[in-house]
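Following this message is one structure expressed as structure tokens.
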Amino acid sequence: MSQSGGVLSDAVLVARKDLLLERRAKIGIGQVLPFAILVLLLFAFALDPDRGILKLATPGLFWVTVLFSAVLTLQRSFALEAEDGILEALRLSGMSPAGIYLGKVTALTIELLLLEAVLVLGVAVLYDTKFLGIPLLFAIALLATLGIAGAGAVYGALAARLRSRETLLPLLLLPLLAPVLIAATRGCEVSLEREAMSGWSWAALLGIFALVYLTLGSFLFRPLLEDA
Amino acid sequence: MSAIVHLRSAVALIGRFPALAGVNLDVHAGEILLLRGPNGAGKTTLLGVCAGLIGLSTGEAVVLGEDLTTNRRAVRRRVGLLGHDSFLYQDLSVVENLDFWSRAAAATVADGRAALDRLGVASRLFELPVHSLSAGQRRRVSFAAMICRRPELWLLDEPHAGLDSAGRDLVDGLMSEAATSGATVLFASHELDRAEHVAHRSVTISGGVILDETPPSTETRADS
Amino acid sequence: MTTTKIQSASTVSPAPTGTGSRGTKVLGGFALVFLVIAVVYGLFISPPDAQLGNTIRIIYMHVPTVMAAYLAFIITAVSSGMYLWKRTEFWDLLGSSAAEIGVLFFAVTIVDGALWGKVTWGVFWRWEPRLTTSAVLLIMYIGYLAVRAIPADPRTRATRCAIIGIVAIVNVPIVHKAVDWWRGLHQGKTVLGTIDPEMGGTQLFAMYSSLIAGLLVCVWLLIHRFRAGFLAERASDLGLDQALEERRLESSPATGEDA
């Protein structure tokens, strides 16, 4: 039996559908983004901005905020697929599971990158941060986000049908993303010229992480869709 | 003539509960078979098994020539399932849903539009999000999303539920038309008056078994 | 004809009454002997270390527990992969049993690591790379056990766990690398979790006997846990034949009740 258009066209179809859903329901821009900005404010309240702690911790706070927002985005993205029998419909559609996975990851990556772009502006204004090493910063943001979306889509799909998904997803996902947090934070510190070590080795680590999880997810999504 | 659905001693567990407790059933090509039975009898599970969604723990199942005990995926493209759930994204509009599901099933966007037309979904509803539709309208859209796949086997769970009498007539017409054009229909219904009218044959399922079992006929063992 | 993977209750051989067997008794005996040797040598006979002093005695415990934990997680990972391939109950039970044992040993590792830290640095916790890595991995596997504890269809539960088992093990080297680099600029060589090549004779003997003891205890616990899990599955299966019978009876008019 020939599959429809193959993995790639399935991925494009799913990604476009997810972005369309975001455009219609505006959960990301209307709820997740304000939450993320709120977290930035809360950090400023917790860490006295006048004593420079906030400035020193900026990259770390930024990425922690991104991780929390990613958890919310993932919850939303996979709750949609678990409602109204959609999972059954997806299984019946004959689309390739790897295609569905890569489509979800693509849409998540785009949404999170947009969120990060707004957050960077927020950090620049609220925390008075100056950015140097722009290419490195871009590379790190892209690779880290791919990694977050790649690993997150696996666990997001796994948790989606569980009644305790709201509590389970962060427990499963955040330890998994600890290396991403470390690498992205340190990499950003390099690009803000606070670290001596080459930032590109952090970018490489993020790249490896993303690659590993995208590969793994492409293979694991079939049993995930069928049996989990 | 070959059996489109061929089940023997089929046992299916939902969790550890035997929803199907040894079903024997043959459905022939071009047939419209009504599945009767009380709530919790196993109708929905039986349809899920035929769609390749639910695996058997013991027994035989051959649907559209595919052995479901070895591969449940091959058959899915070729069946259409209308379930209790709408199978639609609530936040997307009617046409957005149809475009997505028709393309996901390797049909064209035009197939989706044609199906909406066939189900009598008014074009003023096309741009509305599915969550704002009435139950009956939503049912018609789900039906359209199912038939745009051009399934060889129709599996319908309560196809009349939530529809007005015009809608029910429409569904009956679609079923008869499908059977005439070579597809096979297996549907579960509580609306016995109406359903028995359109069905060629009916069987009763209760307690996870078919009560009035078709005798294991000899003429239907051509394939498998 | 492909038929079933679920064993019906009637085909199960006479139910064992416990999880012990001659094999596990012998294994347990060996584990006990090595434990005694490890205690005697580790605490009394071997001399204090030239640099670490008496704290080296904690390391005699620390290294075996961390090794046993990693062994258990590798078993979980292999079983997870095998489960997705073979889909048999054996691999599911082996994987989940090993994950439990791994979490247990990892928790012990972190506690004895913190004790070592208290004696050596005066604080229970420093962001020492090995300890930090262990803490992250421990929580990752606690997530595995959390998913395991959610009641579900056996095949569904097994698939979820297998996926987590695979994802988690792949993350182990990545966490290692990230944490190493993270602390790399601030701290020198790590002491915990390595065997010093300059150890003397009785120190080395204490080290290796405790290592053997740790691995034996791990395997011994694993076998018992596996058997307990197997018995629990059989207990759940016992109802199946009866459930099928009851299910079919629902249809007989004699019961007369609404379904």
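The chains carry the letters A, B and C, assigned in the order they are written, with residues numbered from 1 in each.
We adopt the following convention: contacts are C-beta pairs under 8 Å (C-beta built on N, C-alpha and C of every residue); 3 or more make two chains touch, one makes a residue touch a chain.
In this text the structure is predicted, and so the values were computed from the model without any measurement.
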Furthest chain, CA centroid comparison against subunit C: B
Geometric centre: closest chain by C-alpha means: A
Chain centre separation in whole Å, for subunit C relative to subunit B (CA means): 46
Averaged-CA centre spacing for the pair subunit C and subunit A, given as whole angstrom: 31
Between subunit A and subunit B, centroid-to-centroid distance (C-alpha), Å: 38
Subunit C: positions in contact with at least two other chains: 155
Contact set on subunit B toward subunit C in their complex: 11, 13-19, 21-22, 38-41, 55, 57-60, 67, 69-70, 206-209, 211
Complex contacts: residues of subunit C adjacent to subunit A: 84, 136-137, 139-140, 142-143, 146-147, 150, 155-156, 159-160, 162-164, 166-168, 170-171, 174-175, 177-179, 181-182, 185
Subunit B contact footprint on subunit A (complex, rising order): 1, 3-5, 10, 13, 17, 20-21, 24-25, 80, 83-86, 88-95
Contact footprint of subunit A on subunit B as seen in their complex: 51-53, 73-74, 76-77, 79, 81, 83-93, 96, 100-101, 103-106, 129
Subunit B-touching residues of subunit C, taken from the complex the two chains share: 1-6, 152-155, 236, 239-240, 243-244, 247-252, 258-259
